[in-house]
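Chains here go by letter, A, B, C and D, matching the order in which they are written, and residues are numbered from 1 within each.
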């Protein structure tokens, strides 16, 4: 439904990944090859951390990424050590900035590809489960934004892996009550500016694509002639819903039902298991 | 916060009231004289019934009314026997089409000037009171749209006066629980395409301005030399938050805490009394 | 580069052709099958004549047609006996309303699919040839708008066939001076509200597709079971850059280098021959 | 008609002047006190140089500055040692990004407040005088953009003061031929990233307001208690069409018919004298 990428490493212009590559994200906005839809023209957004710290900035627009001149300007001029970029293909909800990813809460960014099936039927129950303190921040009408606020409610800022598993389990709990099968289809990225956490999961075990880039260090050795690679630090990595080119060995598919963490030092990859019954825990916690 | 007008009568181009008059609604978007703000530039909308029946059409835009060329085109080319027009001055919620008036549900249109005080604190309780069948239709984040869905929940389609009084009473009930004084400040118009119902009410008894036009029949006798007036049928009337000119005798201020109904035959004007305790009734009804 | 349709016949809602059909124009905005590009998401426009006469209305937007809610509203509510609809795929010029078709001058509408090759090199000479009285009306930066104003300069309002042939010949004259081969690739529609004139022409004799619908009378006899067809009057016809469905016998390809006129009574179809040397005539005429 | 500001000094967030001050530029978009119009809501733009050099970035939008969230994000996150910001009040030309300031050519930025009187009558002659190599870059329909390309044609990149005087003189020459009195009303800022050149001039000698800030060094001595001032370097300066607050001694009105240059070391201020007959020189030069 959407396409996204997340970058972590030395500060680089956002344009490096969003504009200037073979099958860049802008190219994917017109010609996605792995997405559920070819065209992702219902708005886009970028979120980034400045080199000198602070809360992230967010730029979101309802224009298609391929024809938005401001995106080109900003992507060339904003350098960042950690950024998200997202192109949207609406599954029916309004095309408006508040429905565009990434979503932000304090230092956190969240973006999403996928959907909650029969969202209209479960929306009310999901809204009710959101921490009342957080609810006023919800400005749009998407399932994606609501997933973010559920994850925050379930403790994203304290224990992100657990909170995301509770988020998924809770949606499956509520859907079950309504007799909805396979409710969740999702590839998610969240960040606090220090690490990127990415989930590939669907209730039916047939999830949207998700890839991690090979460590830049490996690629530099493997392709000593590609100048662009040599300028990257060893730590630089990207997580993407669709590879940004066809360099052999550059992209590794994330296994089904996995959660990965890109961070300083050793990355992590582990199974992702929705925690059912989270709703009760959440209610008690409040 | 906003300005609006509602027209009922012979089919006329929407431009007659929105564009082509001294102190038209477009003029008020730049230079409101009675509004809480001078500038109403955070989007606008029109809703209209076709001459040949059917559900109303709605055109909404985030551009200021004064510089939107499409509004000028549509207002000149759309003729309607009953239309609403609204210019918005946001009190903080996002400038997006789904936050722009009029709102629509089936044959009904709703528009609003005013606010719920400390809306963030009561939003959750108000959302919970909305009929779960209706909740998925809420697409924006304004207090205004939520008022509409509360009124629908409380029976707007069956007994509009009672439903609007319950809507107001319920907001006051909830606000009281949260310790918020004088929560409601409002001038509202609703229609089903047959009649226009307009409310002037505020909890503190000091409401936004609201005017009914004098019957065209009276004005035609009074001003036999104004050609424009002579083309109107005797039934034509407008309800406005601010007069569209300074013709003496043309506009009558609606008294505080009143509800008026413009309809075929005799209009009605009666006191508007919020019905407290409506929440319980609504819960029981479901 | 773009897709368009023109309708002439009994008043129908614009939605009949733009929204409600298999492979409607909105469908073509995402999935054009015959166009130079699959996606036509760089804005759209409609132009229409009211049932009761007067100059045409124009609604233009920079949003993709497939996600613009206002287009859906207007298309359902505006009935017209003659309308144009256009979806744009920019070849590089800015995505802005003034670059969006149809263009209007008085009672005339103009829309276009195609391009002038190496437009930047000839733009100045073409601008200089435009009647100085008309020049201030040019608001955008497209080759299409400039073609319209050249046609007007060469007498579109007096003798449209001749003016369009001069327009094409003049562009070829200027391009030849600049050493540009095969400068013109075009399918054009113009109307004064009485008839639709459509041109299929390219300098290299390999033009963008163009189709006329078979007379409704013939289709009604051929498909007595298709209810929708039976409601059309015998005179109803459409001209399209790409068929709106796959009904056998419904669409007739316009031959290369042809100009067709859809009008009351007998339609016309004749060869289209650019008139070279038009520039001189134009200069002399002023 | 518009309001603008230009900043030169240590890198600061654009928000410092555009958002975070008493009577900031965003405040002026709703409540200009010295402008020809109170409301400047027809789009805005920012242009900035990065700390690490290169061509300037430009962000332009058709939304009112006061309600554009992206502007707030970007202004907080973009730090720059030299930036322009502009809010527009259209005098009739279309509200579109290509009509929004600042305009850019290579390393140069240009912005403008004012107008060419009876622009429609002289537009063609002015367009013809633009260097044919530059003409294809003109994308909008404003007098302002055309003034920029005239200045470039007359040698802005080589000798900016002379080129601006020729620009003004040429407009007055052409207007005189058309019998138009007092054609030019203007306050202009241009920059190449090294210095800011600002002109206050009108043919009738009654120009739009223009102010230079007092050297930060002076203000720091004068107001030792204002913390915000103490963080500025001695070199920091702003040029504005309307003061950003009411600090006594902070703003110095630029005299009528003057041109000022803010640059490293000593600033300059000298009389501005349109050079008549420039058209001839320009033609010969090509």
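The working rule: contacts are C-beta pairs under 8 Å (C-beta built on N, C-alpha and C of every residue); 3 or more make two chains touch, one makes a residue touch a chain.
All figures in this text were calculated on a predicted structure; none of them were measured in a lab.
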Numbering shared by both copies at the chain B-chain A contact, with half separating same from different: same
Contact-richer chain pair [B-D vs C-D]: C-D
Whole-Å separation of chain centres (CA-atom averages), chain C against chain D: 40
Two or more partner chains touched - positions in chain A: 69, 94, 97
Chain D residues touching chain B - in the complex, by the definition given at the top: 30, 38-39, 41-42, 62-64, 66-67, 69, 90, 94-95
Residue numbers on chain C that touch chain B, as the complex places them: 48, 50, 57-61, 69-70, 73-74, 76-78, 97
Residue ranges of chain B touching chain A (in the complex, touch as defined): 93-94, 96-98, 120-121, 123-124, 127-128, 132, 135-136, 138-141
